[in-house]
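Across the two complexes that follow, subunit A remains constant while its partner is subunit B and subsequently subunit C.
This part shows the complex of A and B:
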């Protein structure tokens, strides 16, 4: 007779030590990002500016009780903390805080739109070029070389004169140069992933090219896109503000942080604060975007710290 | 072998040059559409006169002929003539180039001279308060809009200092108007603020880069060996580590060379610095399309030429780069 269970089996005790929960790559990155307090604060600041942009009319109605284009020529250059004008008024007596609130719409709107467009085009070009290689790769990458050879600021000025930009076209103008860098980055990443086993296996199983690119390559280059996107956001906000400042971007009466500074130099003797506030909002936005981008990069690649 | 590589690289730039000229030319013509400032809307001119002027300028010919003519002239070093004053674009460029180079070269040199010590100190005292301060400075410097920083500096050092009766800095220009410009001190005083603003971004990027590169080098075996030999820390850091840490920085600085021409546009406008960037901006607003086209193409050609030169230099300096 065989006695049942002759061997003592060490049954796993369930409550001894909580086993580490299996986490995906994305969950790991998110976990690291959450522990980065600077990055989370920076992300919070970005969310704050996005909310300001979305709810600018509501905030204006609740806090400043002013319209951003109401002129009051009897009350120009009012200092901050004057009655009815928390941050004072500008050269035409318009409420400065209200204009700053609405200015967030321009910066944030153009910022996110330009990043989205540049990422979409750049990733598509990079994926196709990296995946197919050969002639397609050569042609696409030479095109990127051409775009990136022309000094960006010159191109922006040319296109700004050509298109007389509004919010959407200005974002497209900025993105029309920015996609080149992301295409290069994505292509490089694709080249290192392309010959891995899962790609070969996918191809061997008869997957179509489009499926290989979208389902297998794209998730593997997504981290490059996210990191680039968050760092690029700050650059877009800076470029956009500079173009507005030069009078080539969004023009008055639509308030933007850049065009609020256009004439600041001529106002120095009337009001110092007019030159300061829009710059601070630009600075904070770009700072937050850069710090958040750094945090995202660290979260995806802890070795880079 | 090397000669073959150089030839290949030179040949490879030709399509890029053609592509760049095609893009700038077509952008410009999409904007201008044969519009001549001061002529098209001039009520004193009869339509047939306008026709004659356009025929004289070659604007009545098909676009591809115009492009080919322009390209042929370009190859011969002729960047065309200004639409508003008729002078050659190249004369404008060489008129403004010295001022731009004065500003950008100073800014890049300032950037190198300041960022390396900042980066080395940060790396040597990693985690100290000083290191954190430098880090904050560099992160902040990268986020400041250059034109706003310029405005604030003018507000403080020109306007406010003048109001306080202190010696103040000029708010713009290369020299004091009315003087000949031979006074070196006067030039330097005018250079301080624009060069500071322009070097700010360089300092914030390069100091971070030096810091991380230095940290990497300090962990290498040969640094430990040098220390083990009993070398003073000074010699280890400055003789052995720094030399190798700075090599990648050279590449980074090299990448900024195209910015020698275009990098300072916004700063030039803020400080009314009569350089190439300001020239392009002014001419763009005056709808002087041929000048804008000439400057843009000139700058792009410099970038392409700079890249080519860098590639060839690398091949000469680094034997690991295969001439493939």
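This part shows the complex of A and C:
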């Protein structure tokens, strides 16, 4: 016969340990993201470019003392570190660094606007399709299939001819294709969330469909949107640069990293550095967006690592 | 007799699937009186949960209420528009679910979720609704409700989540509460606590409760009246004591025989019900239970028995007992 061991249990004097702070899902994800140094650096790079874009005129006034359109035909193809031109000048004697600063406005502006538009449309379509299912789902998703089946580059070319591309139209053109993928992702996530009891419980306490979708579904699929958004940002920057490079996007004299590359290609044998700087900024932005996207995904779903 | 708060008449819910029509609920009628706890028992797939969801009009696709009435205070819920129904749910009828682990939204604080019916139905402002939720969490036995209300569901144990679910159902003081297997996912000690809580709720708030379960012990302890369902139909109903003492349907009889009892002869083997539950698409002819019934007579294969009084207090759908035969061990 085994007698029960006397077990001493340390019962807390108060029924609750003091100051155990309840951390939300978001706070926990943020905590994990902060542990990821590569992700944080990548995020920092993105923030840096955003700040550069926002404060481009200020930075130009403080650092380069140049206007991005000021020509100086007596001082073309100045090498980096020449007086008054930290990164040199281009074929028309315009300050390269100033143009890069303003180019960030185009890339970041189009990048974030396109991501925002694609996420909004995509999430709305995905939520509605996934929540209602049936015919609505079928119609919306077949429409998404059609959108995704269009060869994007031809669409971009057509749109660029139909609408004169500026920052806003170009962002909308890019987003008009990009929302399809996010709609699919969100719908897939909705299908798995929708079948959980709290959705039925929400309906059972009399919540309207709109409340169920916005208050209960959306926060549960938000992580998919955030991850997709940051990965998509890199893609948009790349697409935008490519369109500019092909002359279908933002056209000179407005500087963008893409059309600066086009220019650099023309004068490649005069000055190699002209190709390097916009190339580096594009490369850094896209790399940072991808790394940050991956880090966010790991933060939301630690099991994936 | 107390006033009837909910009356279900000939409720029939079908699921149209490619394989055929699943008759999940097939002509179910019952009444729920004010302040009582009514048990609905039956094995998995007998239509208990679909009956509850039909009352709430929340049957998942492709299910559909084909006919019948659900009368709540002289309104037929089956004929209301979806918008009108949303005003009924959570106000007149609340429902709590089987699995407390998935019944709370993981991204919101518990207090907020308990307060949600107040936001939805009474347009109560945030501070008052949350204070109301704290109070309600306290009443369902959550210690330190003010602090715990700021927790997220994953910080609650299963029993606490079920308490929170019950609190959520009760914030608007609905006259009818449907509890769909509220204790199935909990361990035994917690089950007892939750049942005690439901009993208190029933007493204090006067909420009429429909308790759906497959646990006959729970029914014996909680419910004055019980309904036994088999293959989408009610096969027997009556006062719990009478139904358990003298079952008037062979299915009830067999169910009672198949549970272990502490006071019975230990050497007697348990007797399971032979066979498997019927295919709801292709029900057996006559009485759906006849292929598994030890008492069956010829007539059971041909004609479907109707639910009529057998004995003084019970009703049963069985040709054998209706002809006056007692159900006894063969």
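Operating definition for what follows: the second predicted complex is superposed on the first by the 284 of 305 C-alpha atoms of A that agree within 3 Å, B and C clash if a C-alpha of one lies under 4 Å from a C-alpha of the other, contacts with A are read in each partner's own complex, and residues count from 1 in each chain.
What we mean here is this: a contact is a pair of C-beta atoms (placed from the backbone, for glycine too) under 8 Å apart; a residue touches a chain by one contact, two chains touch by 3 or more.
Everything quoted here is computed from the prediction, not taken from an experiment.
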| item | value |
| --- | --- |
| Subunit C versus subunit B on the shared subunit A, clash or fit after superposition | fit |
| Partner chain in contact with A:159 - subunit B first, subunit C second, else both or neither | first |
| Partner chain in contact with A:51 - subunit B first, subunit C second, else both or neither | neither |
| Subunit B versus subunit C as contact partner of A:63, first or second or both or neither | neither |
| First, second, both or neither for A:206, with subunit B first and subunit C second | second |
| Which superposed partner A:275 touches (first subunit B, second subunit C, both, neither) | first |
| A:145 touches, of subunit B and subunit C: first, second, both or neither? | first |
| Of subunit B and subunit C, the chain that contacts the larger number of subunit A residues | B |
| Angle at subunit A between subunit B and subunit C, C-alpha centres, nearest 10 degrees | 100 |
| Which of subunit B and subunit C A:214 touches, first, second, both or neither | neither |
| Minimum C-alpha separation between subunit B and subunit C after superposing on chain A, in Å | 10 |
| Subunit A-touching residues of subunit B, taken from the complex the two chains share | 15-16, 19-20, 23-24, 27-28, 30-31, 139-140, 142-148, 151-152, 154-155, 159, 258-259, 261-262, 265-266, 269-270, 277, 280-281, 284-285, 287, 292, 295-296, 299-300, 303-304, 307 |
| Subunit C partner contacts - residues on subunit A that touch it in the complex | 15-16, 22-26, 133-134, 196-198, 200-208, 211, 216, 219-220 |
| Touching residues (chain side subunit A, partner subunit B) in the complex | 142-143, 145-147, 149-151, 153-155, 157-159, 161-162, 234, 238, 241-242, 245-248, 261, 264-265, 268-269, 272, 275-276, 278-279, 282-283, 286-287, 290-291 |
| Contacting residues of subunit C [partner subunit A, same complex] | 56, 58, 61, 83, 86-91, 94-99, 102-109, 116-117, 120-121, 143-144, 147, 150-152, 155, 165, 168-169 |
